[in-house]
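Two complexes are shown next, each including subunit A; its partner changes from subunit B in the first to subunit C in the second.
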Partner chain A sequence: MASVAFDPAPAPAPARAERSTLGVGRLTLAHLWVAIAAFAVACVLGVWQMWARSPLEAPAHSAANYFRAVTFHGVSMAYVLTTFFIMGFGYFVAETALKRPLPAGRLAWAAFWLALAGVLMAALSILSGSASVLYTFYPPMTATVWFYIGLVLVVIGSWIWSGIMIAAMMGWKRAHPGEAVPLAMFGTVANAVMWLWTTLGVATELLFQVIPAALGWVDTIDVGLSRTLFSWTLHAIVYFWLFPSYIAFYTLAPRAAGGRLYSDTMGRLTFILFLLYSLPVGLHHLFMDPEHSTGFKFIQMVLTALVSVPTLLTIFTIAASLEIAGRMRGGTGLFGWIRALPWDRPMVLATGLAFVMLFFGGGGGLINMSYGMNAMVHNTSWVTAHFHLIFGGTVVIMYFAIAYAIWPTLTGRVFASARPLRLQLWLWFIGMMVMTLPWHYTGLQGQWRRVAAFDYSDPMIAAWGPWVLLSLAGGVILLVSALLFVWNLFTLHRARAPRGVATFDYAAAVHPPGRIPRALNGFAMWNVFVAILMAAAYGYPIAQFFIDPPPQAVVHRTVAG
Partner chain B sequence: MHGATEKKILKAELRWAALVAIIVFVIMGAIVFAAVSMHINPPSNREYIDPQTLHLSGEFTEGNLGTRTGPDGQVTTRIITTQFAFLPQCVVVPADTPVTLRFASPDVIHGILVTGTNVNTMVVPGYVSQVHTVFRRTGDLLMPCHEYCGLGHSQMLATVRVVPPDQFRPGPDGRALCG
Partner chain C sequence: MAGAPPPADDQLGDPIDPRTLDRPWRIWAGLGIGTALVVGALLAFLVIPSFQRENAGLDMWTAFCRAVGITEGSPAYRQPVSDAKAAPVSQVAWSPEVLTILNQAEPDQGARIAAAVCSSCHGQDGVSATPDLPSLAGQSAASIYKQLHDYRSGARAHPLMTPVAQQLLIPDLANVAVFYGRDAGPSMGLGARGQSARPEIVRLATEGDSARRLPSCNSCHVNGAGGPIETPILTGQHHQYLANQLLAFKNGERRNDVYQRMRNIARVLNDEEIQALAEYYQGVR
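Up next is the complex of A and B:
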């Protein structure tokens, strides 16, 4: 039980407690520490980038350094923090939810070292200044080929992870015929299956377009096609990042609050809807592009609206689950149960704060996806604010809460006090709000993205100055919170931390699933639906580049050689 | 737990699902209404132009850039976005008049917006990007490149000078220039 770790007076530990009885303990810790290291460096760079764009003079400020930093920030946050966190947490869930050893443990370690080698390759490419193309690549510009090969290795590592997750679930099902797969694992495998679909787009772009261009094998590139292939990946990848947070909402938060999950079925349905609707919607990232007709943009806009459904269902189910907990703790009245919730527990606090950020971030997202209205905000700070609220806010604060929940199990030690944990979560929430709310405003004023500096001698840009400084203050608060997070986890690796019994349990549902329909217990049928949806949404938009090939762009190498 | 609570849960869930359906339906309705009756659509334009030769002949040659009033009175502004400048750096357009903006890139991906308006499009090499608009406010508006296009990206900034219709005076060849 997650909250055991935060009991102010932990139960007396066995005289010689094992460090960790978990088979995947070291594997999970290795993944999560890589994720956290990338996250911490990216936070430092993020603050410096905001400083550079503010009216204040930043040290070492040059365009070359700025875009190096932006690339490092984006790659670290979007590819390294996420992929390694999800892989590590996935291994943890596979063992603790299925209550059996992970299959192919050696293969998992091989995937880890492969992905880590890829990370180092990409990181060195960026630091040397040979890969300042941001994490979204922007062909026909090309970086050093090592940058792309490094990222491909990370993806291959994550494919191996996906295979292991699927194999773990299938093995469990063979041993438990007819039983419902535990919800946490069902969500993890939904994510693994979705990720295999998701990466098809970017893998095709890199292997068939960008890497041949970077190697000098081709001199021209079809940019419309590469943008379309990247868009295939670009939205579903956000749900890949989001999945652990939703798994925590459904399977950790209700128990941490002292209640039960309102509906196990709703959780399964949510995970399946994510699998279905996060993929055929990527064209909404290309609303402002010339190469796609308004018809397909419209179709994918409709599908994008449908992806709000699983989130709206989740808000209901989790709010209902928390209400059960609040009422069990004596809360009464229409809203009294909210006050009765144990907000002192990090998982509960993080869930509440995540929902607030989801409200703002999701609201902004509904505006972004609104077909015509997108022109108002496309490539302005509004969009930066939106995805920092969703990813940096909702997703990452739940990563914090998950880490706090599983670290005692991983290390066999418990937090002496939950106070620094709560402080860290509050700082993150406040920092994120202070940083992103001004960005929404300046974005509506037309402040554009991805520039190394603003010319504050222009009266219009000068008017943004105070807002930019305010958001910089938010960034500093975020950095303090990030460092405190690292410190909090580090304390459990010190011998002086109190030892504790490290069992781990997931939330039970009000009605635990007995026998459930096969459709809610696996993904075979849903894969067919994904294939149909993707063929409908992306079939012609991709085929058009071959039916009527547009003129190609000349490759622009950003590095010599 | 009893079957009764299970039924209650199902009922509550269905009520909420209905509310979700209504929310999505209303949002979609507003978007369809804006698209159909107010013609608010994203700037799609599958019109090809070869980035390697666009400066050699046709509408994006140097002498044809900037704002031009056609024989039918249609105002069209043509701009090349390139690493790391706009050609021309300043364009003049009349207020309260339908204007068509056309962009092309000879090199990499760019993107533009005009501050204070809903003019926004990506400029993808291989295509002519096109935006139809009516500028309502007069004055100098900023038109930056909003998509990363290389280390000089931050310097890519142009001016859209919106003048009252009576001060918009194209020359005998139909061209209007800044200043």
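Up next is the complex of A and C:
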């Protein structure tokens, strides 16, 4: 954490000089603009997909185009937007929170270009129609091998990022023995460590199963094993995406509200619990799959339930932090502090809206993770609606707020007015609610997912029509908000935007951490616990494929070569 | 989950060994995480199966083994529910082994068999001159292999084809299939260039009829449509042959279609639609 003594002094120096003091400015901007470009294109496709599934006639609607678009949308949102945003924000945090230059800056740039090359390979593969296998791959389908190699390059770029984040923290600790790593950096490194664990599953699947199949080296593939390895990655990756939002909750929102973080220790515990419990839980994505026993599914359900603990800790801590801010601003009574909060500030507004969406999305998630209830919503639109609400809603709205918070530091210019920022956040919130709540409902009606069209001449399906149209309207609002977001950031790159301060500070805790145990200042011990949990949760479920190999599936090549 | 650890001494300046600070964390975190795992495992492997097993009539040991996944089945249900064995009519399953037979087949060998055995009825170049016998040229190899295999196993019967297929060895079936399938494309046999019919017939072929739960013919019967790989290409086939087969499916004389797919479809088509669809798929040169 920034210490109290490091309170912002008004920076009188000219912005240009300030800008040059931030070593990672260009690096961060490069990452974030790639993320935002992918996000904008994916939003356009997302609306078209909603349109294609609605009763209205959509242009260029065919099954082939639909699955091509879904693959592009999923890959852009899940792999490009997130990975590049997290890498860019991580570099920014490493420099601003640790207040020292980023180690291995050239390596960071190399990782950027490597990952960007991978993105372009994957994007061209999808656009050419030779990789319409969706972002979760679905073996035994295989796409052109360039699609997978492109994604592997993105992952390798992110591994380099993880290494740099860990090295930055270690270097800081060596220079500051016995001191607590600033919370924002602690969270970033927790995410990097978790990401290294997370990607083991999908990397193994791609390198040993899918890529050999795509190259034609093998004719069969063990789908149960590949689904299991993907499940290893599939839940933790969601928390990888979520981490920046939680870092913003703990280290940016309390300060933006004019208060302090209620508890630094809670933040550390939350990040550690995410590291521990987002990994050994992936089988809850396979509750209806036949390749695993009920017992291991149940154990992973119990562990999944524990991942709600850090979220509840966070809601409590951030609500307490905001209450401190509200009361400092003169709010009184049971709820008066809420009114007194500065809701006109984008970070505060985004935090409030994110919590509302977290309420609905988290509730839906508890249903999904319950072994029994999962059977009702399995493979329905409910699931799609859920992850759009929790990821597209809670997580992405905080990405917006983070971008609004750091863009002035990156560009040396300030927003002339917060109005278009607030408008954009409100539009995103309204659009997301309008899109996902009816979508949940049609899921409960049994509307299936992963289909290119619905036959509205069927009376049962016809009844979904109005709800799908409502969802489509929400999607249009989201697109407007997405374009406004791009425009808002773009204005700071124009010369006529007002120049402003370029210092950046994180929220101070009510009790700044003094000497803290190494357990709360690093990850060595927790990695041991992760290894134990993963061995217990995934050891036999993976070993069984080798002890008693099941029938293999014939590789289905969607394209030649 | 870490339990509540004792608050750390955060008075800066005290020379406390960091290992002393860490010890309670290691103990409490280990206890918390271990407890969650053990409780979860007890519930998953012992407590819940002990209640579920009564429904399935299992002893505790079997229920435990099923919950762990050492033995197949669920601890909650009788599995399998019956000892009856399903007896598929067609013996062809597209296992990796069968696909390997097709992949390794030799078209030259197939050409010799075709010239000696097949060509007398199915035409020198694989285009049959008799309208109620099918053309083979340009048909998909998987489709020809399946039908030959079905004749051989008795799943499909024909006074001439049954003895012919029974004389051939399995690799020879594949050789012949690959020989005729070497030029498989959008159309086969007669090589239709134009297809036309009344709008409702075209709609049946291209869109199906959801009111009668009829999928479109083209969803499977176009080369590369993505349906079951044994689906034959129809375009360019003799219309008499196509109509005869649909009628045979309809009245149950032919039964080698997997999951009764074609019997279910033919049953809801009327005879006039069958004739019109057959002519539509033969097309005109």
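Assume the second predicted complex is superposed on the first by the 541 of 561 C-alpha atoms of A that agree within 3 Å, B and C clash if a C-alpha of one lies under 4 Å from a C-alpha of the other, contacts with A are read in each partner's own complex, and residues count from 1 in each chain.
Basically, contacts are C-beta pairs under 8 Å (C-beta built on N, C-alpha and C of every residue); 3 or more make two chains touch, one makes a residue touch a chain.
Just so it is clear, the model here is predicted, and its values are computed rather than measured.
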{"item": "First (subunit B), second (subunit C), both or neither touched by A:476", "value": "neither"}
{"item": "Touched partner set for A:37, first subunit B, second subunit C, both or neither", "value": "neither"}
{"item": "Subunit B or subunit C, by number of subunit A residues touched", "value": "B"}
{"item": "Partner chain in contact with A:437 - subunit B first, subunit C second, else both or neither", "value": "neither"}
{"item": "Subunit B versus subunit C as contact partner of A:222, first or second or both or neither", "value": "first"}
{"item": "First, second, both or neither for A:196, with subunit B first and subunit C second", "value": "neither"}
{"item": "Contacts of A:306 with subunit B and subunit C, given as first, second, both or neither", "value": "both"}
{"item": "Touched partner set for A:554, first subunit B, second subunit C, both or neither", "value": "both"}
{"item": "Subunit B versus subunit C as contact partner of A:517, first or second or both or neither", "value": "second"}
{"item": "Which of subunit B and subunit C A:141 touches, first, second, both or neither", "value": "first"}
{"item": "Doubly contacted residues of subunit A, that is, touched by subunit B and again by subunit C", "value": "292-294, 298, 302, 306, 309, 455, 458, 544, 551-552, 554"}
{"item": "Complex contact set, residues of subunit A against subunit C", "value": "178, 219-220, 269, 272-273, 276, 292-296, 298-299, 302-303, 306, 309, 455, 457-458, 513-520, 525-526, 529, 532-533, 536, 540-541, 544, 551-552, 554"}
{"item": "Sites on subunit B touched by subunit A in the complex", "value": "1, 5-6, 9, 12-13, 16-17, 20, 23-24, 27-28, 30-31, 34-35, 38, 40-52, 83, 107-109, 111, 113-116, 118-130, 142, 144-154, 157"}
{"item": "Residue numbers on subunit A that touch subunit B, as the complex places them", "value": "63-64, 66-67, 132-134, 138, 140-141, 222-224, 227, 262-263, 266, 286-294, 297-298, 301-302, 305-306, 308-309, 312-313, 316-317, 320, 366, 370-376, 378-380, 445-446, 448-453, 455, 458, 460-461, 510-511, 544, 550-554, 556, 558"}
{"item": "Subunit C residues touching subunit A - in the complex, by the definition given at the top", "value": "1-2, 8-12, 14, 16, 18, 21-22, 25-26, 29-30, 33, 36-37, 39-41, 43-45, 48-49, 66-69, 74-76, 94-96, 99-100, 103, 210-211"}
